[in-house]
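These are the structures, in structure tokens.
Both complexes below contain subunit A, partnered by subunit B and then by subunit C.
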Partner chain A sequence: MSQARRRGAFDGSESGRLDRREFVKLCLMAAAAVGLPASAARKMVEAVDHGLKPSVIWLSFQECTGCTESLLRTSHPGLADLILDVISLDYHEALCAAAGEQAEAARRRAMEEHAGKYVCVIEGAIPTKDGGIYCQIGGRTALEIVEETARRAGAIIAIGSCASFGGVPSADPNPTEAKGAPQVLQDRRVVTIPGCPANPYTFLGVVLQFVTFGTLPALDERGRPLFAYRRTIHEDCPRRPHFDAGQFAETFGDEGHRKGYCLYKLGCKGPQTHAPCALKRFGEVGAWPIGVGHPCAGCTESHLAFRVPIHTMVKIEHPTPPSTFPPTTPEHGKVSPVATGIAGLVGGALLGAGFRWARKLDEEESSTEEVPS
Partner chain B sequence: MTMNRRALLKGLGAVGVATATGGRAAVARSRRPVAEDAVGMLYDATRCIGCKTCMVACRRANHLPYEKPGHPWDDPVDLSGRTKTVIQRYRGREGQSYMKRQCLHCLDPACVSVCMIGAMHKSEGGIVAYDPDRCIGCRYCQVACPFNVPRFQWDSPTPKIVKCEMCRHLLARGRLPACCEVCPTGAVQFGKRKALLAEAKRRIARHPDRYVHKIYGESDAGGTQVLYLSSVPFEKLGLPHLGTESVPRLSETVQHGIYKGFIVPAALYVLIGAAVRRHHRQRSVDERKEET
Partner chain C sequence: MNPHAHALPEVTLPRSFRLLRILVGAGVVMMLWRFLAGLGATTALNDGYPWGLWIAFDVVTGTALACGGYAIAILVYVLNKGEYHPLVRPALVTSALGYTLAGLAIVLDVGRYWNLYKVLYVWRWNLNSVLLEVALCIMAYVVVLWIELSPAFLERWRRSPRRALRWISQKGDPLLQRALIWIIALGILLPTMHQSSLGSLLLIATHKLHPLWHTPLLPLLFLISCIAMGYAVVVFESALSSHLFHRRVEKRMLASLSSVMVGVLLVYLLVRFVDVAVRGQLGAAFRFDGYSVLFLVEVALFLAPALMLLSRRARTRSGSLFRAAMLMMLAGAWYRFDVYLIAFNPGRGWIYFPSVPELVISMSIVALEILGYVAIVRRFPILGGLASATGER
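Coming up: the complex of A and B.
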């Protein structure tokens, strides 16, 4: 894909259109990348043929643009292809050519034209203290903008940990009382894609499913798509055999660390962190924290990220057996049936004796009671 | 299924009658026939790779708590009040082998024989099942089992006996026992005992150099429904020589014989009791007369 086409991608011009063959290929690739069936690709093509490119409005608040950056680095499909051919990105502060009033007008126009159908993507936390004055765009607070834009959206996606549950801006002492989109939009269903940054393919998967089928994936209780957040990092971690064998890096740069041992003792949050990073990594080069020797920071978990210090150890959520084995138990002696019979006899005798002794006690008791009277 | 008081008393009454009459037990108790529909499992230790997936699946399927909560690993070393199956390893002069410890579902189980209340019982397909609502916590089954299988929940305020019940709750829903369902190598398989026995024989015939030429459980301890194949002698795996008679067949014969011998002293005891009682009554009547 040429740079020229990439540049042309965001002004809505038709100059960089793919031919049909390439477009079908793109849709197939997109479907495959996010685990949709091949039939989904056909549907995508049909939808676009009918001019049904969903409008996407991307709101940015208290964030670092890391999620956008990570999305820009996808190549199966590339974001440029996606924006140009499959969706219509009508508003994105970092990417749109327009600025100021012009950009705001584009957002309002898209909201009017696609009311009830557009996808509202939220990146960044929303400050709520003092009426939300700590983040304003065009003189309006993030709170107002998010409420106005989300109200008429067909689907709301919170991308990244900040939008999902507050993230960095909400870390102690949280001076702006920053909150995630689900906390602000309590009466709406918000798909959250936490991660710092969010995994771009999870986002693409959700968007493409919505584009193709008009549905949203199954979510967990925190709004995370189960297809990506059902399992913990620990379950799929390539260092897991070292964990099972009790081989740990004790400090950064020690022998265990250099040998690629498990990072649990360095504070790895993988055992409690539900995220797909171990399987679908970042930057198209397979990079991810544990891969480069840093413990997982638990960025997708609201109770861990920016709350539990990075090098604090956590409990294992689902402990499993280690890779060591107990010995087969030593042989134990035969139980001879005669012994069982004798044991029964002895037991019976003891029982009888006990019974008589108890009777005697009773009698003694009643005789002592009689003394004072 | 709860047992009401009436049924319990009836059961105890029957025990009393049986004890008093001595039954026909002086003759050795007859051997239990293998039921046509007997189900079972075949654990082929030579196929086991020690992955312990079965242990994880067993815990999940039976809602068992972790062996040591809060510990980084779930590492039972033996069966316990929290663990129904455990993979162990033998390493020694005879080579190396894994061993899946669990209930063997004896054809004629000692645990059932000693359970005075029928909590441990043979259920559908010959599965040795446990009914916690009947259990009085005497732990006789634990003592009686020649394989040391049933375990007691010592740390629970409402303790139960814990042992493999061949995942009968899953079988009832048309599923396989959890361990057989997940085993990646087919080292542990579920099926009709008859078919598994034939399969085990076929394997030994096909690879005579791989196996010890014996199927543990075919007739050991009167036969078990969980069968074992191994490349190392079975004692090394903790499966002892028990002979081919079931433990209860012998112990019941002995015990019932002894009980039968009890009839004479028991009758004597009743007689003496009656005499004492009569005497006692006479005395109190006399005393009352004196008082007036």
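Coming up: the complex of A and C.
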């Protein structure tokens, strides 16, 4: 693709999709999501401006395509803008126009052209039982494909819970011995973006940081970017004040549930789940389980998701104190001691003056009575 | 109309009146501050108590105290007791000033005062609104009061050195003579409407107002008590001005007026008690908690002047009259404060006490009223009666 075509992507006249203003906004948002300053967004814009669109090879294995679906639902940018203008999505089974051998050839070509620089995104768990024969593409097992593609990748991102730690396919009894990408690629650093589905903006932030600076964000011990997974949902939950006030929904549909009380007793995994959902909804549309009255399922945690029953209560991981304690009787309004003082003095003075005057009138009258006029 | 009334330009005022001017100055500064900075910055009003001192005192109590004109008009024009006529003009001056300044207080209290002119958009009127009725009545009544009072001005202007004023007097007088009967009729109708409506305003506060005060009879109680307060103010004011302006008190007139006041008071107390009893709240009245004490003090304040004035001797002594009138005014104010603020509980945690600017503005309005009264009485023929024996003219 020529330089001119790439530049044209941002002036709006040629592609008609994403104008420069929109694009700068997108970069700012992505930079903010990763916790980078606004200057980083400018560098991102410059990087993409100079045709440094990251080549992305998207591998899909044991998955439901939910993560792709959630990416499809992004509107800042829309998916079309994303894959045509922001990243160069060179291989994606669900989205590429090519099929069969053509598609596989595109993947191999991208791997050669951008060797050591492309981003390998893995969606879905990888079956390992019996040599990985339970998921094959073009006659090759997922294990083979992942090892081949990941070997020459600049960065590996496991998107979604399945790719991050096995997810649903690895749930008991795990008939295919499905594993996540970090377990398969133990010698490589894998950025995991768990979530069911994963938050597309977390993904975008990681990709843009890699393209712009060639670096990856700080990760926790499970490979999750700390900017998104440092805090638990419980810490920032909009229902947190109810938790602190001891107001819980006891059963679905009871008064507390209808009033929007805390869902902890219904099995909410928020206190142990590290995810940014409470701040940035995972599906972009603004809806999320806790928001619609369902307890968090803990989808970003390998020890919770698809292992602990949804309505089982968990322990509070960080028993952080509430930021404020609700008073028993909220106080509204103030009484100024100066005002009460003034009111008392004036009231007293008036009353006193009134009665003094009355006595004066009495005296005057008795004096005039003595001397009849 | 009142050939015995004189202007009193020669009267000198006590020095303490300077304090009133200072108060008015401070009040004007505070009012400017309120208009520029808004209610939140200057008042202690909150969402629980959106009506504070300016409504409870300046508007509700203030207009009730300004009912002298109304109460005397009922006596003179409805009950045809012409002998009280000399009391009409002084009563009208207090009424006109009281109502005008209550209007000012409303402007102060309305958060977005720049929208007030929309009250005049007839096509936007909500005819079910008590507040609209109060607003329109008070506005109309202010105009009516000044017209009722205008014969005093015209009388004075007839001999004015200025041609324009003489012309107004010549042209205005015959017009006024024809219109006055209707104006007086309006002057009785309008207060009847809005003084009762000031009680109706709180009908909506069913569970917020304590049951000792919340009753379907709120409008009636407000109406009766405002008439009693009107008489009390006339007595109070003539006692004061006789002293201040060295006029002889019309003792016989005041004595018989106070017996009217006793009657009104007793009717009020009867209605109040029967209402509390019928609604099964006598228990609450004698529970001796805060509300019960408030109620009992209120009743005592109404009862005390009635009992004082039952004796004929007390009715003829200006000291006792003055004391009884003062207690009566206090009782009416107490009742109105109870209904609007003290027995009004909008929910747990809400608290209100007027802020310093609110207090200063309210006091400055009272001061302005007194200064206005003195200024009018000195320039125009309002007060009748002869100079008293003790007066040093």
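Basically, the second predicted complex is superposed on the first by the 279 of 373 C-alpha atoms of A that agree within 3 Å, B and C clash if a C-alpha of one lies under 4 Å from a C-alpha of the other, contacts with A are read in each partner's own complex, and residues count from 1 in each chain.
Methods note: contacts are C-beta pairs under 8 Å (C-beta built on N, C-alpha and C of every residue); 3 or more make two chains touch, one makes a residue touch a chain.
This is a predicted model, so every value here is computed, not measured.
Asks: After superposition on the shared chain, which partner residues are touched by A:I133: those of subunit B (first), subunit C (second), both, or neither?
Replies: In the superposition, A:I133 contacts neither subunit B nor subunit C.
Asks: Is A:Y264 touching the first partner subunit B, the second partner subunit C, both, or neither of them?
Replies: In the superposed model, A:Y264 contacts subunit B only, not subunit C.
Asks: In the superposed arrangement, which partner chain does A:A115 touch: subunit B (first), subunit C (second), both, or neither?
Replies: neither
Asks: Touching A:P319, do we find subunit B (first), subunit C (second), both, or neither?
Replies: After superposition on chain A, A:P319 lies in contact with subunit B alone.
Asks: Kindly list the residues of subunit A that each of subunit B and subunit C touches, one partner per complex.
Replies: Comparing the two interfaces on subunit A, one with subunit B and one with subunit C, the shared residues are 329-332, 334-335, 338, 340.
Asks: List the residues on subunit B that touch subunit A in their complex, please.
Replies: Result: residues 50, 52, 55-56, 66, 70-78, 86-91, 98-99, 101, 110, 144, 146, 148, 235-238, 240-242, 247, 250-251, 253-255, 258 of subunit B touch subunit A.
Asks: Going by the contact rule set out above, which residues of subunit A touch subunit C in the complex?
Replies: 329-336, 338-340, 342-343, 346, 351, 354-355, 357-362, 364-365, 367-368, 371, 373
Asks: Can you check the complex and tell me which residues of subunit C touch subunit A?
Replies: Those in contact with subunit A are residues 44, 46-49, 239-240, 243, 317-320, 322-323, 326, 330, 348-356, 358-360, 363, 389-390.
Asks: What does subunit A use to touch subunit B in their complex?
Replies: For this pair, the touching residues of subunit A are 243-244, 264, 315-316, 319-322, 324-332, 334-335, 337-338, 340-341, 344-345.
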